[in-house]
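What follows is a structure written as structure tokens; I'll ask about it next.
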Amino acid sequence: MAEIAFARPESLHDVPFHYCPGCHHGIIHRLVAEVIDELKVRDRTIGVVPVGCSVLAYNYFNFDTQEAAHGRAPATATGVKRVHPDSVVFTYQGDGDLASIGCAEIVHAAARGEKITTVFVNNAIYGMTGGQMAPTTLPEQVTVTSPYGRDPEKVGMPIRVCEMLATLDGAKFIARVAVNNPANMAKAKAAIKKAFEIQMSGLGFAIVEVLSTCPTNWGMTPLEAVAWLEKNMMPYYPLGIFKTPEGVAK
Amino acid sequence: MAEKILMKGNEAIGEAAVVAGCRHYFGYPITPQSELIEYMAKRLPQVDGVFLQAESEIAAINMVYGAAGAGARVMTSSSSPGISLKQEGISYIAGAELPCVIVNMVRGGPGLGSIQPGQCDYFQATKGGGHGDYHNIVLVPNSVQELVDYTILAFELADKYRNPVMLLGDGALGQMMEPIAFPQGAAAAPAKPWATTGLRGRKEPNVINSLHIQAPDLEKHNIHLQAKYKTIRENETRWETYKTDDAELVLVAYGISARVALSAMEQARAAGMKVGLFRPITAWPFPYEALAPLAGKAKAFLAVELSAGQMVEDVRLAVNGASPVYHYGRLGGMICSPKEVLGEVTKIMQGKEGK
Amino acid sequence: MTHEIVMAGFGGQGVMLMGQLMTYAGMLENKQVSWMPSYGPEMRGGTANCSVIISDEPIGAPIITEPTAVVAMNLPSLDKFEPALRTGGILIINSSLIEQKAKRSDVKEYRVPSNDIASELGNLKVANMVVLGAIIAATKAVSQESVMQAFAKMFAKKPGLLEINEKAIKRGAALVEGK
Amino acid sequence: MPKPVFNEDRCKGCELCTVVCPKKIVVIANRFNSKGYRPATCSDESQCIGCMMCARACPDVVIEIHK
Amino acid sequence: MAEKILMKGNEAIGEAAVVAGCRHYFGYPITPQSELIEYMAKRLPQVDGVFLQAESEIAAINMVYGAAGAGARVMTSSSSPGISLKQEGISYIAGAELPCVIVNMVRGGPGLGSIQPGQCDYFQATKGGGHGDYHNIVLVPNSVQELVDYTILAFELADKYRNPVMLLGDGALGQMMEPIAFPQGAAAAPAKPWATTGLRGRKEPNVINSLHIQAPDLEKHNIHLQAKYKTIRENETRWETYKTDDAELVLVAYGISARVALSAMEQARAAGMKVGLFRPITAWPFPYEALAPLAGKAKAFLAVELSAGQMVEDVRLAVNGASPVYHYGRLGGMICSPKEVLGEVTKIMQGKEGK
Amino acid sequence: MAEIAFARPESLHDVPFHYCPGCHHGIIHRLVAEVIDELKVRDRTIGVVPVGCSVLAYNYFNFDTQEAAHGRAPATATGVKRVHPDSVVFTYQGDGDLASIGCAEIVHAAARGEKITTVFVNNAIYGMTGGQMAPTTLPEQVTVTSPYGRDPEKVGMPIRVCEMLATLDGAKFIARVAVNNPANMAKAKAAIKKAFEIQMSGLGFAIVEVLSTCPTNWGMTPLEAVAWLEKNMMPYYPLGIFKTPEGVAK
Amino acid sequence: MTHEIVMAGFGGQGVMLMGQLMTYAGMLENKQVSWMPSYGPEMRGGTANCSVIISDEPIGAPIITEPTAVVAMNLPSLDKFEPALRTGGILIINSSLIEQKAKRSDVKEYRVPSNDIASELGNLKVANMVVLGAIIAATKAVSQESVMQAFAKMFAKKPGLLEINEKAIKRGAALVEGK
Amino acid sequence: MPKPVFNEDRCKGCELCTVVCPKKIVVIANRFNSKGYRPATCSDESQCIGCMMCARACPDVVIEIHK
């Protein structure tokens, strides 16, 4: 048989994703799984998945998982990690989950320097519930709960989560990445890997924000969605490493 | 059993948890249970346990979810408003069938209310403060020694049934001191092959979850839960009776009120009235079947509780119309005295019953 | 015999500790005991009281509505609890801070200048121990020895405190017995 | 010889793979798969240089690269 | 009444709120009620109202507290897990006696459960999901038109009694479409001299508060609340009966289940069985007094609800042992069909009753 | 009669505070009341008070007030302000209330640019409930829930709220002050006044963090407490203006 | 007469709109109507169906267990709902996507190549309207005129859509009537 | 002549006023007020310069400054 140069990572079950065509969730799942494979920690990894489009991620990840309540994944992960300090614990969260209802939990997990990793999927909208405004929805962006466009005068400007968490000592690694093209995918994977390594070396909390598309609720084709992300999200949410123990910025 | 020591109720719960093998506690301060969180802060590090003050009650209950799902014997505690905040989390824990112990040292409500003792969270604890068809096992101790004993039992039952167990006390029980003795330990936690510990060689990943996205699946899960609740009802219903054999009037009371009622009963007996006391020890499952037969014998029942009338509904459900059921309650943090209860008893015995 | 004793004062006067020591002593004597605090509505600088029950019978309600003895460390406490005292009950008044006399004639009043005695003893903090001495002497609910044993246990880490506190207790007791 | 292998029934026809291929040989087929999507396919396997871009771009892990 | 229009239940609630003069809405998305929040997002700005998507259900209910305390007609909505999160806030609102409308479009539980319709939050809504002795007024409509009518009534009752009113629906009612007509408007909001509007010339500051730090004060406040609840019980209990006059078996059902039960009843009647239907329209206050007299006439009762047995307890309390009370329920987001209910009815009528 | 140069402001009822001797809550209350008097807005001010030692502040402030649930004052104030946009709405919150349980609410009020003012009393401890650890408790500080001293390895370093909120666009004025001496009191009052003016000019959210003492739970005399604050809190929580529409930093 | 119609397909095929138009038309004819959606368990790319009831009597349960008519826009829908259809019921099959024939012989089967017809009409999006035409012709639950009136009301802001949709409906109806 | 006026029964004896007085004339009295605290008082009113420091420092609004 032919040698296989690229295949599904072991940490991903061989089942189809329920995500919409072109949704970046699938790519991000795969990157996480690849990192876990490469770090050889599948055997001691416990994933905590959110309420959001990735609510069924426990069907996809091939390691132990917990399904947390909406927004509370960092608290749940804290409970897990404190019971098994030698395990590798991560949360996978959307922007509604992490930045809206779960704002206190992520801030405090970061402040505590909780030794967990967070993969934060920012698609500027609530996917699962049908396209409502998120704290990360861009100004003027139309969603079903900002039908006249997000009005910063009434609801403020979007929250930049990385920048906010960077003010907390316990957060040791903070990066914002995207998976809009192969080069950025490589950087994204490197950042996710780093975020797991930080945890494994016991340094503290690490988070990687991944800019992501929601073609369905943005009302675009997958390719249009990528272009929209590049044109609209990237300027407001600059990619880069905001904090790292090596002190490398950007 | 060791030498008797004098301890506050809240602290006794903490030590009992340690005796029961609890090594993880997540909580948030609130009067009148703060002595418990403070005890854990001091005590758990001494036994290599984990104490963590959560950022909120919500975070605390979700940490409990995580820790319980990871296989630990874990506890949280709070008082009324904080317990309300935990309701979503409790429903998740019940749905995911995780064992844990939740302590509510009830205070006067509603809202911010007062910091004085109350029993006005009975409905919340027993009928479902959270959403969905689920039940906590609810233990209602009435002395500091019982706080100890039932804290230990709580951990055992939680593990046995993979179900949240609530210890429903009140500010008075939590803050009073009585002599107690601690048993040597609790039943060891059973194996938890379902826990998310990391695979560690296991083949199939474990998933802790309360989502069943297909309604037929969720119905199946609910039927399983209801079957479990039935087993618990059959095996774990607990109560105590005092002089109910010849009682014409049966007082029904739990927790601190049961002590007041006991005093009132003794005084009534002393005055020649045939009064007995029925004391539920599990509020859920409520001892309907134990109480029902008394309805054939007693002429009336009087529920005594620090609420506007919550447990009395369970008494009515048990008595099922066979005898009149009266209610006497104090509200908003006030505790009733034996004398007041005696007054009610006398009225009923003389046929001048109140409400 | 059931002693139902209410001890009241403002926060910082040590009424809680008095109650706990007495309860502890009762336990050492294998009596049935309970101690229950009640903090005033104001968390800060408010009044506080505790209910101590020492009995030969199992204790039902741990709350006290008709005390057999009352200790009033300040005036509001006296005003609040004197009326509830049982006929023939014992009323200990901290006369250092309270000028007012007992209004009732059907109770036994003991006036204990506890702050003055404590200051005589050179430590204002032991005023509550003076009163404790008085109440145990007056009620005989527990023995002085048990109280000292209780003290030794509760302050096992601070044995240095024993002497001055014992002195205070003795002074309080003497005051009652000398009466 | 590297070769992209498509698990065609998993494909959702999102086209993300088509734009990353440096050789432009990943294209959408003119047929439907069992899920009703028009799947991606390789128009000329011989040109494949095994860069794995398409496989990495695919959100549904449809593509394996065999060597 | 205007021309009939076809509208989804969730959206109909939104428009009804606007008709009722509601100009402030605070909420958080959740299936199956998101159409309502989305409707408000679109509609309120058109009438110079305020729509705000809160950061969470907890923030939403506390915004409602603030807005209600400031004198506004205000609403929030959610579904089961989100309603659990609001329990502390609801208890505060009840304690501070603030008028507001809370919509729960119930889904299958417990935990994350499913997004299919359920009636398993009945206890939470009626007995107290939050802490303390308080009550929501709970309206349980069974059609889109009733969603409209009772949304409007909800605002009126909230203002009349300074009490939270919960509209308890389910995912099916929220997402179905039926022809409806909107009335011209609702009773105007009464003056709210207690509201915190800023002094604006008033002498005494207003305070919105649920804290009564002295237990006797809190007890007094609770006695006042209980008196109010009594008035509500006396004046606002609502229900409907169908063919109960000669019924040997009375079905008891509310909301979507009442429609299923109605169909089953018609089918049973067609088959010659004397079956009636009792439909509570207020779940709190539950129409005990209206239901009780039927117990003298009917030989049995069958509670039909999408839960493991919640409302049935209220039926039992009403019937008080006078006749047997049976229960038929579906769980976890499943809806029962008229045929299933007919099957249960037939069993009971033939004396082969189930549980 | 003599002219009165300094007296109780009209916005403070003439009743005694329940605070412990030397507690700074009283000073901060008075400063807020003085500002409201000076701005002549008592008639349209609505205060939202927290659960914490200042839970009874509604008994002291002589204008309309609402007692919020623990941590939720910003949400409650939002409800009030959205109903009466022409009113002057402020929250008064302790560090447990604002930075712990109420973290999401304050972040989102700030992010929304909610036109309210927050007076944030940071005394590095939970006062009301008897001295538990707060998110602002200093490293090694002993409290009843950090009986062995706050261990940053286990619970992280204290959160610097001003610095964190400064990352949010909606927060227009952010200052940290103290009332440890007359000069700082003057600055504190000026900052509070500014924070109300920002609100009144409709610019957005404004917050003043006031470093404060809790002699009771710190186990110190009031004067010792002031000294402790100066020695321990001020270095970790630098005073200054972190953000202002004029762009003046520090 | 009570029509209980289930329309099913995958998301995006427009079954919800079909049902709503029919329901609306029923309302315009002063009938009792209800429409109830049921979204599949998968939020994304799953199946969807709706239940439409059009009746002369008040409607009890808005859910349908034994439909009088079923519209199957894709194969899983046919498999799921065909067995429930009442004897003598109407079964509309979107034959553009479904090769399979009705398994039951006690129902009336209509095969509508809706995608093909729609593509003939030059707009793939109106496939559902072709089927709508067929179902109203087959059931006579509402008139074509009412449906067009309903369409005009629901799309009042897009009058341009009227023509092509009317054409599609007519084609569907003709197909059934021609049979 | 400026003069500090103490609402003595409101004083909790915290001493915060005593350290801010530039003239050091605000001192703690050697008596108890009705609440059991030793209240602050002015040892020499004639020296008061009306700087209002004591009044501003007092958490309990005990001190008025009369002119």
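Per-chain numbering from 1; labels A, B, C, D, E, F, G and H assigned in written order.
The rule is simple: a contact is a pair of C-beta atoms (placed from the backbone, for glycine too) under 8 Å apart; a residue touches a chain by one contact, two chains touch by 3 or more.
Not measured: the values here are computed from a predicted model.
With steps allowed only between chains in touch, the distance from chain D over to chain E comes to 2. Taking the CA centroid of chain A as reference, the farthest chain centroid is that of C.
For the pair chain F and chain G, the distance between mean C-alpha positions equals 62 Å. Taking the mean of the C-alpha atoms as each chain's centre, chain B and chain D sit 59 Å apart.
Remark: chain B and chain G have CA centroids separated by 54 Å (rounded to whole angstrom). Separation between the centroids of chain B and chain C, computed from CA atoms only, is 34 Å. For chain H, residues that reach two or more other chains under the stated contact definition are 12. Shared contact sites, meaning residues of chain C that touch two or more other chains, fall at 41-42, 45.
For chain A, the set of residues touching two or more other chains reads 19-21, 23, 55, 67, 69, 100-101, 103-104, 107-108, 128, 135, 154-155.
Per the touch definition, chain F reaches chain H in the complex via residues 2-8, 12, 16-17, 19-27, 30, 181-182, 185, 215, 221-223, 226. Only residues 42-46, 48, 55-56, 58, 61-69, 72, 75-84, 87-88, 104-105, 107-108 of chain A touch chain B when the two sit together in their complex. Within the complex formed with chain F, the residues of chain H that make contact are 2-3, 10, 12-16, 19-20, 37, 50, 52-53, 55-61, 63-67. On chain F, the positions that touch chain A within their shared complex are 100-104, 107-108, 111-114, 135, 152-157, 159-160, 163-164, 166-170, 204.
Touching chain A in their complex are the following residues of chain B: 24, 26, 50, 52, 54-56, 58-60, 62-72, 74, 88-89, 92, 96, 196-201, 205-211, 213.
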